[in-house]
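Comments concern the structure below.
Here the chain labels run A, B, C and D in written order, and each chain numbers its own residues starting at 1.
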Amino acid sequence: MIVSVTADAPHSTSEAVLAAAAEHGLTARMLPDGNGGAAIGISGVVPLPGLQLPGIGEIKMVHKPYMLASLEMRPASTVMVGGVPIGNGEPVLIAGPCAVEGRDELIEAARAARAAGARLLRGGAFKPRTSPYSFQGFGEEGLRHLAAAREETGLPVVTEVMEPDQVELVAEYADMLQIGTRNMANFPLLKRAGQITKPVMLKRGFASTIEEWLMSAEYILAHGNPNVVLCERGIRTFDPTFRFNLDLNAVPGLKELTHLPVLVDPSHGTGQRSLVARMALAGIAAGADGLMIETHPDPAHALCDGAQTITPAELARIHRTMLAMRATIDEQFADEPLVLDPIVLSA
Amino acid sequence: MIVSVTADAPHSTSEAVLAAAAEHGLTARMLPDGNGGAAIGISGVVPLPGLQLPGIGEIKMVHKPYMLASLEMRPASTVMVGGVPIGNGEPVLIAGPCAVEGRDELIEAARAARAAGARLLRGGAFKPRTSPYSFQGFGEEGLRHLAAAREETGLPVVTEVMEPDQVELVAEYADMLQIGTRNMANFPLLKRAGQITKPVMLKRGFASTIEEWLMSAEYILAHGNPNVVLCERGIRTFDPTFRFNLDLNAVPGLKELTHLPVLVDPSHGTGQRSLVARMALAGIAAGADGLMIETHPDPAHALCDGAQTITPAELARIHRTMLAMRATIDEQFADEPLVLDPIVLSA
Amino acid sequence: MIVSVTADAPHSTSEAVLAAAAEHGLTARMLPDGNGGAAIGISGVVPLPGLQLPGIGEIKMVHKPYMLASLEMRPASTVMVGGVPIGNGEPVLIAGPCAVEGRDELIEAARAARAAGARLLRGGAFKPRTSPYSFQGFGEEGLRHLAAAREETGLPVVTEVMEPDQVELVAEYADMLQIGTRNMANFPLLKRAGQITKPVMLKRGFASTIEEWLMSAEYILAHGNPNVVLCERGIRTFDPTFRFNLDLNAVPGLKELTHLPVLVDPSHGTGQRSLVARMALAGIAAGADGLMIETHPDPAHALCDGAQTITPAELARIHRTMLAMRATIDEQFADEPLVLDPIVLSA
Amino acid sequence: MIVSVTADAPHSTSEAVLAAAAEHGLTARMLPDGNGGAAIGISGVVPLPGLQLPGIGEIKMVHKPYMLASLEMRPASTVMVGGVPIGNGEPVLIAGPCAVEGRDELIEAARAARAAGARLLRGGAFKPRTSPYSFQGFGEEGLRHLAAAREETGLPVVTEVMEPDQVELVAEYADMLQIGTRNMANFPLLKRAGQITKPVMLKRGFASTIEEWLMSAEYILAHGNPNVVLCERGIRTFDPTFRFNLDLNAVPGLKELTHLPVLVDPSHGTGQRSLVARMALAGIAAGADGLMIETHPDPAHALCDGAQTITPAELARIHRTMLAMRATIDEQFADEPLVLDPIVLSA
């Protein structure tokens, strides 16, 4: 159940609701509603003598299974990553190499990305690779390089975490932790990511439904971390033409279901450099809150994913066009809401 | 093999090449190359004494299996539909109801679509339906209503043809014939559509690869009709959230492989009214030459597909935004070509 | 609605029900129930004063959308093909080359197939090919060769029909018409196949759901032809390892939903000769009523599909094992019914 | 590269090869070849003065990317699980409840499974669940119950491990560790499972290709654990009729590529009790080395997965039929090898 608490409710009211849930052995999490009040999501039904408590608003008994992630819990969220807002209406660009290579190389890549318009730096220190014989990333050394690049450029950094016991280590260095497509349903990892407060970017499993994706976000939220950002990165289909197929239906679809910000990754979503610019723009047109794009000063010599990596010059062009295009769209869609009839998934 | 014929070649040169192919029992089709010359695609290898003929240009022995549809044959084509160009750089809007309902209703719908910016009218007279017990369309009467709506509004009309023996009938009334997703690999239908000269809009089979789609276009081209327009309309994936998933990767992907214009249908590609505007804009951002959208003055009472049908007012907003957005993109991408490294499919 | 008519009902009762349906403009089709009585499926609701008619049994208002194909209409059907029963408990083997090659070659292939245990001969005269430049079959000449091979061997023949106007022609020569995977939703073809009485083998669309498949069978049944046999032939998945993936879940799944016999085609369902025997046996273990297998005296030189074609010697081994294995299974599963809880699809 | 070492080679030969690999910073693992000799797989190329070493056999420079798992490394393996062989030609039955419920309940379930023919007991102590609010298993207490059930029945036990840090704990109690479908590409977990010697059952990711699956097995093998068993458990397709679609093509397909034993799980592979028996038998006919089936004395009251869980009585029937059927098949296929032309995946 979801219990709304009004902006003028005394602190004791939410305390009482949380206590009642705990008494029944239920999980309860409170999120601000963006208007001064809050909503409390409870993993079951608590008989609320609380109805008499001051400041109790609406009580929803029927809601989505991903209660905390749903729009029934609160309107659109903004997640702050090292001072950069994601979800506040301005599309954000995250860029950088697939893998952290060396300290100097990364700093150079970060400077180029910043100059091209990027607000956040990406780069992998721990790399999930299909083959045990492939390069597996520089590990903690890579994390230190990321911190150095942040120091030099001021760009907050995003990097992948692959196992529960790495969560604290990665959170020490990174401004946002990335959970990759192959780990979207790694529940122990999600739980541990729920126990920190650093933001988490949860990429979609390449064969996961929208509902499963939101349930995975719910794991993080239910364990206490409200700072979750979703990232569509391509799904696996019957067509081997592309490495993956970017599923942009998911972007406006998610906007009807969840308050969490939504990014799009056209690099993995196409697997091919020549498609990145077009699909980046398409992602923004579809309503994404930002883009994550693999860039490298010299894509042909990138340590991994070179085929889908673009140059900083191309990145700059995407950035300019993205901003202009978004302004154009916002102008036309300012007056009336875009959404007409919401998607109904199983309740 | 593909034989280029220069702009200043005498008529006798192409005649000789075509005759040589016929002599070897091969199919040969000539398409203008857009620069005054032409290219002749031959379904096999002809030993060309033609090398000595005046005006023979490049001879390509290695090319895509969909030779006539490929960029190796010629650069981007424009297809004229009742006076409206598709593929000339201006995005075109095709709109109208799923099914033709009645004469007056269709004229009203056509007027509303035109007022909202549509340049072509769509409407189904023959309807492919999953159930034998569902409404199957008004047939020839529906075709007459389409002709009447064109008369009233000046909008050329597009309508579906479902079987080989309907091709001539539908071509009598329509300005462009639509071959639907379930018929993309209906080879007898493709052959017959290749024997007329009216343009054909070939929708993608919902589980067909890019290569299979282009091979189906090749059927039409190889049988003599050069006027083919492709339309991405959503693929079937593992995720039942949406009726279909619009595959926008296909749009820039096709632009690297074929000269044929590419449309996007966000109505079938989402199955849900509330996603249509966003995915329409995403389609344009991805590089589509136009959109096909289901509209109805009163979607709630449409004879079919009401759930994915939008109102003319919504259509007008999409039209305005599409034009402004496209101008913005063109400005940024004017100087340098968008395409970087072409997709390589099996040769 | 489905109206049961008892074995002892006078002829006038079913006549009255059919007349009542016709009066309401509804489609009505009668199938024997296998016990002397019959069931009448009506495409809507008829207010039945018929309740007072003698011999009216159960009236079902709620049933599957593929009413006539459903188990609610009647228990398991047997379809007779040129004297050979399909669905009577004895698994049947259909074999022959992908394409009819020449008269003598086909007779040789037919003799070899018969010697290996085949009860029916397959061979394509009209071939659906992805490329317009590939061999498209020998057409009517191929049909004559099939008739000649039947004459010589006594094997009834099965061959594909690709367009509505070919139905009568093919029915003149063939004992069973095949509708291929790309035509499963070719509704004009299904309608025409419903207007003959020769049996029709309906292959599953490679990306069609079980429900869509049964709706396509319903088209044939609703237009008057009760002799429909289903054939699972592999679906398209994300894994390019195999040409297609044989979906054997469909076999016991269909047995809970439909009375129509179910065949399995392990040749197309794998695309690879070395997997055919194992997947043929798996199909029988899953409960199929028979197998359709591509064989050729010299697979390496077959005109098409050689990679998935086996020799007659291999076919004979499959036949022997299939019979022995089926006897073993029947022995263990004789006492109690196999089916536990039926699948519930949308009603 | 793969270096064969003959049966009569002195110990110093393999020592020298391993040392040479280590010197070059490469991973090298030795597996017995089943004939007294061995093969050493090296993750790169070592210039072998070893060619002069006594007892060096064939050296393969070209092989599958999953070198250690491939048939190029050795012929079919048998993996021993608590004294029970998997892969030796006798199909093995693994059965038990989805989740461990209580000590007494598990012992009862284990006795029933053993009486029905099961040779190994399954039961989940750590349960991956889509929702954070669902029952997550009894954890270590569940492991103790499994050990108690083994004590009582003599059945070795199989249970799931979900994170790297649980590997040692689970290995203390279990005879075989299961890595579930959502963790097939959890590389840190695979690495840790490679550092123990207890057998590991690696289930296929529900959207993973055959090649990705074998690469995941390679992770375990490359980290030192040779005891890997594969388990096909259903893939995700476009058809929502079934929870998953059992991909039996994978069984004979794997037999051409890998020496590892292959099991089939018809419970998850169908999601539906009524299909389990048929698909279990189909799995055996396809060539599986055994079955893993969810059973419960009272499926309707199972803590999870009740819909796909069968009773011990049904299990017994499957067991009897499986053995009889396998004998029948073996008889027919004894003389000649089943496999004809091997599958060629990318090298």
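Assume a contact is a pair of C-beta atoms (placed from the backbone, for glycine too) under 8 Å apart; a residue touches a chain by one contact, two chains touch by 3 or more.
Given the structure is predicted, the values throughout are model-derived calculations rather than measurements.
*Asks:* Could you pull out the chain whose C-alpha mean position is farthest off from that of chain D?
*Replies:* Between chain D and every other chain, the largest centroid distance is to B.
*Asks:* Whole-Å distance, chain A centre to chain D centre, using C-alpha means?
*Replies:* The separation of the two C-alpha centroids amounts to 35 Å.
*Asks:* Whole-Å distance, chain B centre to chain D centre, using C-alpha means?
*Replies:* Taking the average C-alpha coordinate of chain B and of chain D, the gap between them is 49 Å.
*Asks:* Quick one: which residues in chain B touch 2 or more of the other chains?
*Replies:* Correct list: 207, 236-238, 240.
*Asks:* Are the chains arranged, by touching, as a line, ring, star, complete graph, or other?
*Replies:* Topology of touching chains reads as complete, every chain touching all others.
*Asks:* For the complex, give me every residue of chain A touching chain D.
*Replies:* 27, 43-44, 65, 128-133, 136, 162-165, 182-183, 185-191, 206-207, 212, 215, 218-219, 222-223, 236, 238
*Asks:* Note which residues of chain C are touching chain A in the complex, please.
*Replies:* 207, 236-238, 240
*Asks:* Within the complex, which stretch of chain A touches chain B?
*Replies:* Chain A reaches chain B through residues 207-211, 235, 237-242, 245-249, 251-253, 256, 269-270, 272-275, 277-279, 281-287, 307, 310, 314, 317, 320-321, 324-325, 328-329, 331-333, 338-343, 345.
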